[in-house]
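What follows is a pair of complexes built around chain A, which joins chain B in one and chain C in the other.
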Partner chain A sequence: MSPTRRSRQVAIVLATALATALSACSSGDGGTAAGGTTGTQDAVDAALREGGEITYWSWTPSAKAQVEAFQQEFPNVKVNYVNAGTGNDHYTKLQNAVKAGSGAPDVAQIEYQALPQFAMTGALVDLGQYGFNAFEDDYTPSTWNSVKVGGGLFGLPQDSGPMALFYNKEVFDRHGLTVPKTWDEYVETARKLHTADPTKYITSDTGDAGFATSMIWQAGGKPFTTDGKNVKIDLQDEGARKWTATWDELVEEKLVSTIPGWSDAWYKALGDGTIATLATGAWMPGVLESSVPGGAGKWAVAPLPTYDGKTPVTAENGGGGQSVLKQSAKPALAAAFVRWLNNGNGVKPFLDSGGFPATKADLESSAFKDEAAPYFGGQQINQVLTAAAGQVVPGWSYLPYQLYANSVFGDTVGKSYADSTSLDPGLTAWQQALVDYGNQQGFTVTTG
Partner chain B sequence: MTSISAPVRSAPAPPARTARRSRVDRRGWLFVAPFLVVFALVFLAPIAYALWLSLFREQVFFGGTEFVGLDNYAAVLGDAKFWESFFRVLLFLVVQVPVMLGSALVAALAIDSARLHAAGLFRIVIFLPYAVPAVVATLMWGFIYGDTFGLAADLNELLGRKVVEPLSGDWVLVSIGNVVTWEFVGYNMLILYSALKVVPHDLYEAAAIDGAGTLRTIVSVKLPAIRGALVIATIFSIIGSFQLFNEPNILRALAPNAISTFYTPNMYAYNLSFSGQQYNYSATVAIVMGVITAVIAYVVQLRGSRKGV
Partner chain C sequence: MATTRSPLRPRKSRVLTAVMAVYLLYTLVPLAWLLISATKTQQDLLSTSGLALGGTFALFDNIAETFTHDGGIFLRWLGNTLLYVVLGAGGATVLATAAGYGLAKYRFRGRRAVFAVLLGAIAIPGTALAVPTFLMFSNLGLTNTPWAIIIPSLVSPFGLYLVWTYAVEAVPDDLLEAARIDGAGELRIFFTVTLRLLLPGVVTVALFAVVSTWNNYFLPLIMLSEPDWYPLTVGLNQWSAQASGVGAQPIYHLVITGAVITIVPLVVAFLLLQRFWQSGLTAGSVKQ
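Then we have the complex of A and B:
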């Protein structure tokens, strides 16, 4: 394997790792641009004809190929592609540049979880002024909802991560297990598996804010509500408690592996069957294929288990889009690049590099849906994954300061994981930390 | 009192003397100017900026910056997280520094004793870990500590159950202490060894004539002679302990639930800045910690040198 390929794989892995680990906030109510600006795309088209130079920060594995394709199509535009780091490193640099007042790129990749934070601090351009609200129908409702903050449109969605259950078929077959349809069955499967072979675990979870919030999302919880300066946090609402009631059993009985996600040991465990399932976003196949060669032919995809076993529901996990920074000297040209990336010819190189799109047309195309994945033993996994994209519980929003929230998840809920005790006290402590921080930052935070 | 002293002070004011002195001063300033410029730029200015920052509170989401006086300092002094991190590094200091300096001293004395074969080899081998960047060293130890792979995992497999868990909440501070000791024993050994090298040989001869054995020579001649070096090494180690950052910050990826974002004061300041965008509060934490460190280092230096004289 060549070094570049290897580093690309690492980049993919890290990117997706962070996609899960840091769900930041996307708030706001989707739909029409209530308080946003509206305009036409004329300025964007003109800027594209005129050309110029812009800078693009991204760590997505498809960024390089996309930039090359763009420059071929528009030779009069020069795009300086910079990988400014993965996840937190990227956001830290971006935050510093925004605070410093200079040095920010024209276009940056920003995950849905982080978007509200940058939008609310005034770092991003409302793309409504370029008439991009017209693209609403091109995207899945949940991803479109994620780039709308307080009525403004602060980016175009690139990928999405509707959750599904990835499971190691070989392990399931060996121990005569059936794929769980409900979370109760999932816990039962975990017990059976661990009893049959104490070295095997149903999954690994050492506490991950992105996963926890997605699981609360699927359970119907809406712990974060933002309305201007008013934030309501309730991490003990019905949905949250529904999730912890199930997940506590796994944590308390030590049925989940404590191998930290995205570590070397984790990839190994995914390959050798130590970790038998993963409830995660639809971008996972790319990670498995590139980083878990030992799992080829063993893994399969099923819909995410539910609580009642009847209505299929799921949540988003990770994913993000591209935004234009206010510091940009050529915002119209930057907007043109964003439009090309996520609503134009840029989608093809994105799909070619294993991305899971946010655009309805691509999700519905039979070429995409019916593709048999060799890694998954020829299973048409996109059938399951695209179906999941339409079953996401609507109405979710992240906190306006979700990046910070995720950073202190380990300080609070992590303790519950470390002690193998109920997650509820941990979630309560997390909530308290978030209330304190929000009030310090000038929000009026109430609890449910 | 004032009416008497005031005229006395002003009456014989010798203008000639001040003029002469200031002429000398000016020439001196010229010589130190290059240093002073750099010193002001890279040392005084950042401190002044941090002090200035610490008097405000900015709310990044709504763009408001307000002057809060000493509120941030009051908040730090009442901040349970800050004190938890402070007492953690204090505990680390009290346990790890004596162990490390003791080992360094034993190594220095052994190499200096001239009874070792291949003393040069020992010296370089003990010193070598210092040449390994802290980040690399921590990653390496991280792999040894991992209890799902690596050495700890192998040990546990051998023993049949999970006995060795260096990355669990109870043990991780000890594990960090081990890494730091491994990294810095050689460095301190070298400081002490070079101090031993300059002890005049007539002292040893005199001690030998007086009938002193090896132990007696160490206690009565060598140790007093290198007291200054020991004090310096201690001060460096105290500062190093209070600034503990690299090792816990890197191990955090392997033990996210055992190492919090406020595990050490430096980690706390870092995370306040870069995760929470609380730059003002972060600056306050840094200043408070700097003052505490300076005071403790100064006390150690005073005590050390007083006994020495």
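Then we have the complex of A and C:
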């Protein structure tokens, strides 16, 4: 079965489940997304002393080690760790369990892009009631902003993905290319590279919603704003147009490879230099080190190119945290586990597994910053990446139905990619699909 | 020698042969790719051509790793799939056989209505029913248990239809009449006379049911969240999905080896049962 067909099926289920969840929400007490509550951590500490059993859904590589370490530290707590699937599979199951009213875990991993959807439907516990708002200064502003929805705190950040430019130094040196500082230089580099060696591409992109939204984010776009049930979508704002003006050149001139991301061919292309750069999140080194052995010693990291070449700005790509589900019978104990994971001893096993943290203390520690990465030829890559963590454009938010939005990106913007034409009509079509869907789901969606 | 045409020795057609050859390639190349890829290490998989052998022959290492990776969960998935096939497909065959025979050979009120419902049930794809089924099972508290897979698998409208039409042809009314006159009860007739006559049809239905349960993907995907109850299809997909996103850990070599191991029992089942299957397919095509 082809991945597109599967993701389409998953999207259908998600859509159905979300539709019913939202209507259930609007007929009820309206959820808890508005407002935000405050309290103290006493209840959490008491629950931790009392102990009990909770279930945790996650697909992060460090989850197993973290659960084991937690149980060793707190023998009176039993954590049932379940890997319910990666990405959409996980969210489909979570959304179905929320809709069904039973079967959800106590704690779940939820990425930043998916968090508004679960928070808005009243599926998550506002951790403000346990006094977790006090942790604000422990996290980078962009990740903290990502777990706040409508004034409530619906999770604690685990990792972050400030974007940087990963490039294959060997390929660059062979063709006498310099690392681009602006996106115009990037396009120029793409032309030079592809002319010098037609088998090589500056990057691969077949239309990925996560990448596109991050690029619009970096360009200063704010296409999605949500205020209660009112949603505003503008995928042709100044930022979005800035990005498409650049990216159109790459797409129209066929300077980007059409190898689909995360496929076996893609991993191969990262190893043999077919794909010369990746503009992606700071968690990428772990993936390269463990899964692209052929690229060892070739890759290097540079700041993400910008539009003016002066002020360094970047965006987040990927990353997420852990949230407590409303269905939990032991929400305080679940909150204690989340606190331990992302604001306690759980951070260490996460770092050991190659994760890129969201906690300022870990980002600023010299042990982390100055570490020389052998895979990257000894470059102190975290210097670049931690600097990026502080340069994320503030004020971004995702749609309260971003998972659906991402699933129809291929049907709309994907066409522009497939035809090698300007992305603007694709983005306009995407916007229309999102307006229609949002209105059907009980939101009041406006544009422009 | 001049070409002689006889109904038993039809003329050879170059076009048809060519089409068949293309079709054969079309079917076999992916299989060859799968078998060749299963002999490669993850590293070779990403650095060598798909239809050429890699630097090292790692088939046996891959098989061993597939069965031991993540605490031997693959063996558990294999056991789950067998359980779902034996209970689900086995039950579906029994139910379809009994019901199909009953509908073909007994006259009762509502028979036409059953036929209409049956045709409707065949027309609705399983995918469309997955979410309603999920919500229903969730209310019953059966999600995330093996019953959530076995119970829906018990219903096979297409199998029922097949046995029904097959029974109309293969079980002569006169024979049943004779058995009744000899004093056999209806149950005894079913088990001693009918079942034997229906055997090719039953095997066909069983094969269809086994294949569809073995390959069942979407239903377990949404019903189960506990990997300990996954069948092979969903389990392998989980391994495959590991390759994307933050913290990606591709284990394509295990996914591919696991896929090979997964298709082996199906291939064996087809080889063993194809004798019955062929006679089942052609039955009823010639008026006796």
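Criterion: the second predicted complex is superposed on the first by the 414 of 448 C-alpha atoms of A that agree within 3 Å, B and C clash if a C-alpha of one lies under 4 Å from a C-alpha of the other, contacts with A are read in each partner's own complex, and residues count from 1 in each chain.
By definition in this document, a residue touches a chain if its C-beta (ideal position, glycine included) is under 8 Å from a C-beta of that chain, and two chains touch if they have at least 3 such contacts.
In this text, all values refer to a predicted model and were calculated from it rather than measured experimentally.
In the superposition on chain A, A:A97 contacts chain C only, with no contact to chain B. By the document's definition of touching, neither partner reaches A:E188: not chain B, not chain C.
Touched residues of chain A, counted separately for chain B and chain C, are more numerous for C. Judged by the touch definition given at the top, the superposed model places A:Y401 against chain B, while chain C stays out of reach.
When the two complexes are overlaid on their common chain A, residue A:Q440 makes contact with chain B while staying clear of chain C. By the touch criterion defined above, A:E252 lies against neither chain B nor chain C after alignment on the C-alpha atoms of chain A. Legend: residue contacts after superposition of the two complexes on their common chain; A:D237 is shown touching neither chain B nor chain C. When the shared chain is aligned, chain B comes close enough to touch A:A418, but chain C does not. In the superposition on chain A, A:D264 makes contact with both chain B and chain C. Once the two complexes are laid over each other on the shared chain, residue contacts for A:E136 go to neither chain B nor chain C. Once both structures are placed on chain A, chain A residues 92, 99, 263-264, 268 are touched by chain B and, in the other complex, by chain C. Across the complex, chain A is touched by residues 59-64, 146, 148-149, 168-169, 253-258, 260-262, 271, 274-279 of chain B. Residues of chain A that touch chain C in their complex: 1, 6, 9, 12-13, 16-17, 57, 59-62, 82-87, 89, 92-93, 96-97, 99-103, 111, 159, 161, 261-264, 267-268, 271-272, 281, 283, 286-287, 290-294, 318-320, 353-355. Remark: chain A residues 88, 92, 95, 99, 120-122, 206-207, 229, 257-260, 263-265, 268-269, 400-401, 403-404, 407-408, 410-411, 414-415, 417-418, 437, 440-443 touch chain B in the complex. Across the complex, chain C meets chain A through its residues 43, 45-47, 127, 130-131, 134-135, 138-139, 141, 143-144, 217-218, 221-222, 225-227, 237-238, 241-250, 252.
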